[in-house]
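What follows is a group of structures, each given as structure tokens.
Two complexes follow with chain A in common, the first pairing it with chain B and the second with chain C.
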Partner chain A sequence: MLFFKEYKKMLFSLTFLIYFIAVIAMYFTQFHNDCKEAIYEPLPGQESYGMIAKETPDILMPAATESLVNGYLSDSYTAYPIGFYKNVHLSEKKKQKMAEIITEISGISKEDLDNFTNYEEGGFYIDENGGMMQLESNIPEINIPKALTYERFRELMRKADDIIGGGSEYSDENIVGNFSLVQKTYEDALTEYNKFLNEDKITGAYARLFCDYMGIVLAILPVFVAVSLASLDKKSRMEQLAYSRKISSVKLIFTRYFTLVVLLLIPVAITALIANFKVCGMYPNNSADIFAIFKYSASWLIPNIMTAAAVGMLMTELTSSLLAIFVQGVWWFISIFASANGLTGSIGKFTLVARHNSLYGLDTFMNNFNDFVFNRIFYTVISIIAIALTAFIYEQKRKGIFNGYSFRFKISKHKS
Partner chain B sequence: MENKIEIKNVDKFYGKKQALYKINLTINQGMFGLLGRNGAGKTTLMKTLATLHQKKNGSITVCGVPIENTKEIRSMTGYLPQDFSMYPTMTVEESLDYLGILSGMTKDARQKRIDVLLKRVNLTEHKHKKVKALSGGMKRRLGIAQALLHDPRVLIVDEPTAGLDPEERIRFRNLLCEVAEERIVILSTHIVGDIEATCEDIAIMNNGRILWQGTVSELIHNTDNKVFTVNVNKKYLTQIKKNYIVTGMLVQSEYTTVRIISDMKPDIQGVTTAEPNLEDAYMYCLYSHGCDVSGGAV
Partner chain C sequence: MDTRSALKFLSINLKHNLLPHLIVALLIALLTPIIFTITSLDERLAAQPIEMLLSLTGTALLTPIFLPEQNENIRDIIRSKRTDYMNVCIMRIIYSVILLALIIGGFVMMMSFCESNVTFRHFAGGFASALFLGSMGFLVAGISRNAPVGYMVSLIYYIANFAMKDKLGNLFLFSMYAGSFKEKYWLLLASVIMLTAGVLSCKIKKS
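Take a look at the complex of A and B:
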């Protein structure tokens, strides 16, 4: 009964209305917009089937070596050590170590590297037709020693990654995707299409893309609704009336939280339903899994909603302020940037916003599946712990033991 | 189960600041008035009784139940805070229903009780009105209804008449007297008139201490032969205010009728002894306990 009362109380709030519109807008501007054309079966003899990352030493070794030489000459290496972009410059000691690696893989001595004065960085320029063209960088001639085995090369790349500080293009996780992109063959494209059709049952692939887009907004927007709900008693000068009732703090807070999560799921369920119709409509002759989007949404998106809502309720109870929005905003920002170096299958164990911005890459997703499961369970558990803590704080405030920490952005009382 | 509240040696601190000092009170069924200035500690004591504050020392039992048993205390206590409202977009009926759920009442019990209470507080016609559309007086009556919703044995009302017009105030006081026939009602106020019109048993608080406890007639009796009136020329007013507690002045052209409290009969020409009222007795109580009453009296 309390559930329905709380539900009605929140359903007609302005904050929820804004949240609802924002989630629907995200769906239509992103996912819906991406679903204009169906994926068709590849035909033999097509000009191109797109690119695919495939571990090919003949391609990977020269490309990675060239990139490493470029990095050395410009003393600039790109890395994402904790998920954030970082432009790394090496100390003299580390330069020495890097030069030794380059010498072994390219045959260029440190003296030649240091005395190379003709270096020009690569970049882009606009041609006569307005197209963006890549400039070749000017670097010393590379001759990969024939005696260098691929295994040794990869070992040296790991060392280079260590020297840079980890998370670089040369790490085991990134090297193939960065330096070994090859044209898909017809067979590659057909295998991928068959997986899309038979393993993903079409909607599975779209479900990942749907969750990728919706996960971004659902890791931040629920905090606004949660703060609005958690501050409603204070704003309405209703706090003491609620405090003095018989109901236990655990029951009240958990019911409010559960109601909030259910409410926040409404636009997700609506958009998932629309997406399902849309995708199934694009493939009228194929048998699609009509539950895939709902299954993915439940496991992928509910933890996002639970986490943002829990942060909103906990921080508001703790501080009686709008601090939760700031905290969640920072966390969201970090999480978005943490996944910026790989939008496909970028599902770390602790990344709040799990990314998979592609209709392909089922293998990548499945390779990370254990991390994905751990991640989602982790955030579900963290949310429940946060709400238990909220109930504890509420009980302390109810008894007058704790009055909340003081912050400047106070919630004003409702004036009527 | 005994129908009384017993407060023994209760201390309360806000951090290092002591708010209540060794409070001892026994409150029986019926209306009990807690009178004192703003900041005397009345609200702190009310909140402590409503389990919204924790005492530091001492003991409190409500109808035999220790105050530490918060769930049971909350189920037998109705509380109307000084500053309150309800969700502005809910209707009167919905608000009561919501609070009834928080009190653990069944749907049937809520429906029956809400109808009875709305009738009792004269809000039946307004039950579909949103809370934000209610007047101050209506909100106070709704406040009483919510406090009585779960039929509590104890009703705690903190400064309930503040901001009400005279008519609403009288109506509200009568309502409190009616409900006090069945339960303990503690009325905290700084308005002497509210106490005079409703309570027989009272306590006076100041600076976190109980200065006096007893019946209204006993308090007034303490001021027998200590209240005087005199007509004086305006030019002597300053001198009189300086020397005596003045509880009333009626200005009439050049002369002013002044009501004075004094242990001894004032040595002023034309002074006569007057019948003391509760306001005089309250002022004398504060004065006799060393409180500065000169500012309040004039």
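Take a look at the complex of A and C:
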């Protein structure tokens, strides 16, 4: 049977072995390593329950205004437009626009800002005795107008974010987390714990963390296995032999793809099983959902594997294996770094690598749930279309109509 | 190999083998300032774009050195040629390493023009990380006779540097960003060992 023939060929390939080891290593160095201690029920009267981002205008507005004034005076704004740190300096035209925003939210005019000479940047410093000192920044006095509504303030913050170029501390995604952090109360901590226990049934929270880590490697490594298998055929000069077989191109390509996806799932299933035992073992007295990790893995990770494998097969058939690696690599890279500044609930409609690097944040995940469902279905459908296209190209090659695009550079006068 | 043959060899290799990989390396270099800022960075932050993205130029340039001969038909022709295949590999390594140094050097100079606090250390450190990734890809591709495996191992090691960080000890690629330079000597040493082993592997295979 074709499935088993392909399966055997792929199972004993070097690329699959490396893939297998890499996936297992990712599990043990990341997820397993994070599962050292169980989460316990918070007790009343604890010194601290940690911090929580709560949208509180009285805290957010002064903090964001102070930060924006600091940014203007130092001409330095921090932003993460595609995940990584950017230090943004504004042009004179943009400075003018920023000053208008600052004037409206702080009452400080552009002239006062530009003529302020005693500016000192705040921050932590080491004093003469080696102790850590905090220095308050020295900026003009801020008076937030009473007539300024919170809605208008947020609108101005969006404008400021646009001027900076997006991804700044003032964006809708970042502003609350940056400027409105408050101490968790006992009630906050208890609510969070109850959600973890009752709604996530423990393993649900761990399943998201598991998929977050595994999704990183599963969105890129399958492309190598896919292209390597194609090059195996070329290397062993089996291409022409396969072309002459009776089997239809659609059946051959879809069987190969199905076999590849099943094979690539093996280490995922093994690690999901280990994760399940590990998590359930950490909470022996609680009733956990023993299927959660498998359910999440199936819906979250299979589309990743399908997409990377499909890109590998399609691009190899169309052009070359190296281009397949390059295309998937760039796509993966941009997706990973686009979410580097927001690892929790970073799931858009078209995000290749969905991220949720936390055991908490069920609400954040559920807020994006519709996007998540759309996203995973979208990638599954796209993968199947890509494989249908691969079968079509394969058929054209068989008939001798098409021989793939080549990116080799020819020499006009080359004597051998 | 006389000078004329060497020049002919260079010309053919540049046009036939190197150009697509050089384009990929240059695209990575062009992508770097889009993803990272390179303006007005202090010494530590300036290491970030060099180590975390530009270092992949090493993978792009050095991994495919054995690639042309991974086609069985070409390998058969190579076996019949008088020129020692090991010399061919060494020449390819030399021009790839020179190009790698030029790309990283050019990028560091560009950062300097953009008022970032970069020194020769940024060039040397970035070059060491890139050379290490490239040598790893070169060695694995050579031993396995499969270039995708070389790219795969090199990229897995690159990802491991994000996941495991300084647990990789002296072979940590992003050490300058973490504030340490001593790892770069180890990376250079390991690169030389891997390049030598890769070249020797092609000698062994021919015999």
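Here, the second predicted complex is superposed on the first by the 371 of 416 C-alpha atoms of A that agree within 3 Å, B and C clash if a C-alpha of one lies under 4 Å from a C-alpha of the other, contacts with A are read in each partner's own complex, and residues count from 1 in each chain.
What we mean here is this: a residue touches a chain if its C-beta (ideal position, glycine included) is under 8 Å from a C-beta of that chain, and two chains touch if they have at least 3 such contacts.
Treat the numbers as computed from the prediction; the structure is a model and nothing was measured.
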Looking at A:Gln96, would you say it contacts chain B, chain C, both, or neither? Reply first, second, both or neither. neither
Just to be sure I read the superposition right, which of the two partners does A:Ser321 touch: chain B = first, chain C = second, or both, or neither? second
So, does A:Gln183 touch the first partner chain B, the second partner chain C, both, or neither? neither
Touching A:Ile247, do we find chain B (first), chain C (second), both, or neither? first
Going by the contact rule set out at the top, does A:Ala22 touch chain B (first), chain C (second), both, or neither? second
Touch check for A:Met1: first (chain B), second (chain C), both, or neither? first
Considering only the touch criterion stated at the top, classify A:Lys9 as touching first (chain B), second (chain C), both, or neither. first
Which touches a greater number of chain A residues, chain B or chain C? C
Identify the partner contact of A:Leu221: answer first if only chain B is touched, second if only chain C is, both if each is, neither if none is. second
Which parts of chain A are in contact with chain B and also with chain C? 237, 414
Can you list the residues on chain A that touch chain C in the complex? 14-15, 18-19, 22, 25-26, 29-30, 76, 82-89, 216-217, 220-221, 224, 227-228, 231, 234-235, 237, 321-322, 325-326, 329-330, 334, 337, 407-411, 414
Mind listing the chain B positions that touch chain A in their complex? 47, 50-54, 70-71, 74-75, 77-79, 81, 83-90, 94, 97-99, 101-104, 107, 131-132, 146, 150
Any idea which chain C residues touch chain A in the complex? 11-12, 15-16, 19-20, 24, 31, 34-37, 39-41, 45, 48, 52, 64, 67, 70-72, 144-149, 151-153, 155-156, 159-160, 163-164, 167
Seen from chain A, its contact residues with chain B in the complex are 1-2, 5, 9, 12, 232, 236-238, 240-248, 252, 398-401, 414, 416
